[in-house]
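Sharing a structure here in structure tokens format.
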């Protein structure tokens, strides 16, 4: 009930799909951020190489509870 | 040619991907809504649990023809 | 370093997922556009038929280097 | 002074103009919704056939007082 | 985990504050909608009379679980 | 080449169409504002009475050259 | 039915709440503007001093009927 | 099912109304673009001359199927 | 005059009002962030429980001077 | 602490840069507006002549304290 | 008075400033596009190298008259 | 290919231009942030003093690779 949350903006990359890129972003962020609670998709882009999609890039905002 | 359409806003959930969450939203909505014609993605979010993506949440607007 | 880029807006279709629709859009566009470098997702929609998702539609902007 | 309002999202169609499409949407909606009070234009699109505008499509939000 | 949510758009009114207008919207909506879970503020407006604020008007989207 | 422009925000009303409401706004504004040069449509709404559109309301920004 | 409205953009300040800041903006504006009819909240910000909220700042657009 | 669509951004002009300006844009574009399928209104502006609306300007995006 | 500012995104919670939720966010953030100067409201949401507003949630961006 | 602010929307022109266009807008506006305090960039456009940028046009909102 | 305009989206690059990047985009585009009339700034980004701004990137939409 | 990026939001100040304010933001941020890769302009504002632009303020989001 009390306490506050912070949001950080992270970009995840994947060669497979946007959903994979979100998972990568969350799992990598989890190595330094604790108490992660939700994410919001902010932007979806990608890199093209040799006429094919080479990389899906998703920017998400991750919300987590601030410890005191 | 005549007739009008209505849009309703539905949130679908999936543990797998955004595309799955859209399918869930459409198929569940179809149990009470008839003549569904198209959808528009409005928002993509998700829940995080134990440092991993636990749920993809997609808000879509579903357009359907109003019967008279 | 010098030179400019142009963006074109393309809609890709897929029965499977948004990621597939992006791949279709990029690969088809690549048949006439050269030096494609990146894409940005602009809109995600779809068609519903018989109460199920029949088609994922993704509008992307593709950036490519203009040749001189 | 008391009471609340609800908004529903309706798409009206017309071969003539956006204003006509709005009128169609409001009049058709009025067959099932009572106490309609105002509308807001959300989106203006249309269908093209044989190189000509075949249909104006207007999405409006209609606000109406909820009866108790 | 399974199941879907629906969002409806409601306008609440109050002579006192935006927070009161939100409470009015939620409590009135609760008379016909069950399983309400969250709200999102969409628009804040108001009516002026005799040079003073006569009414705070808040449009919220209310999310609730669809029963099956 | 020199000089600056100012924009003012005006709401025009019409029983007929959005285009008429724009004309009304511009012509009425022209009674006190000089050197009007362009307009931009900002919002399109309307009033409903007895189940019919009673009034088209268009908010426009009018740009005009400031005299010195 | 006839006549047009103008909107002006005003910033109100309050040490207490956003609702108070709106009231201040409307009441102060009313000293020079007549026939004020409605307001729309455009932006909510504030000043922080010594680690506490020192001032709520609300930008509103006030609509009023133009006299002829 | 197969194939992709492209969108181009066109500005149509009319002395009469926004609907006319859309028709002009579509019909002129049709002289060089084939397989046009739909349009989306992006912006509505206009030119003022001698205190009257001299020209309605509508920017639309036209979607058309790319031939192979 | 010199120096730069950083913005962080914080979510504050309150059972009473949006203004209280902003105060909570600022005061809690102030326990670890120094030289806070202003805030901007980004999003207003809330949790509903038993048909009543259980929690106001406000996302704000807090700007503070970076020390060197 | 007390008092309110008003915002006006001004377009400045420059052949050199956006920054110059902002300076022109502020300095010209200052000939009739007093107590100007801040500006916000709203839009950046320009005129092209003979294949070159002929004019940078910046729309800014200027905030100033209302005197009583 | 008659005729229509088309808009194309171009990204210009410069090591110096956003204004220079706009000039580059317009001048390069002018090598293949005729009758260019205006531009609108859509996005401002840049590349960072070794802790310094290495490149200003401006996306503009260029409007030009379509020849018949 | 692997790894994720983080974005932070920084405000840079300059008496000269927006481009200078971006450079200041990037160079100051580089004193504590490593592996900075790109920036995106989010907001352009400024302070006015004595009827002249006293300060250009640019908010940018800086993207940098997270080290592991």
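Odds and ends about this structure:
Note that the chains take the letters A, B, C, D, E, F, G, H, I, J, K and L in the order they are written out, and that residue 1 is the start of every chain.
What we mean here is this: contacts are C-beta pairs under 8 Å (C-beta built on N, C-alpha and C of every residue); 3 or more make two chains touch, one makes a residue touch a chain.
Source: prediction; values computed, not measured.
The chains in contact with subunit B and with subunit J alike: there are none.
Taking each chain's centre as the average of its CA atoms, subunit F and subunit L sit 38 Å apart. Per-chain Cα centroids separate subunit A from subunit E by 31 Å. Annotation for subunit D: residues touching 2 or more other chains are 8-9, 17-19.
Per the contact rule defined earlier, chains pair up in contact as A-B, A-C, A-I, A-L, B-C, B-D, B-E, C-H, C-K, D-E, D-F, D-H, E-G, E-I, F-G, F-H, F-J, G-I, G-J, H-K, I-L, J-K, J-L, K-L.
Those residues of subunit B lying in contact with subunit C across their complex are 17-19, 22-23, 26-27, 30, 36-41, 62. Within the complex, the subunit B residues that touch subunit D are 1-9, 61, 63, 66, 68.
The touching residues of subunit K, when paired with subunit L in their complex, are 16-19, 43-48, 51-53, 56.
Taken together, the subunit K residues at the contact with subunit C in this complex read 8-13, 15, 24-25, 28-29, 31, 55, 59.
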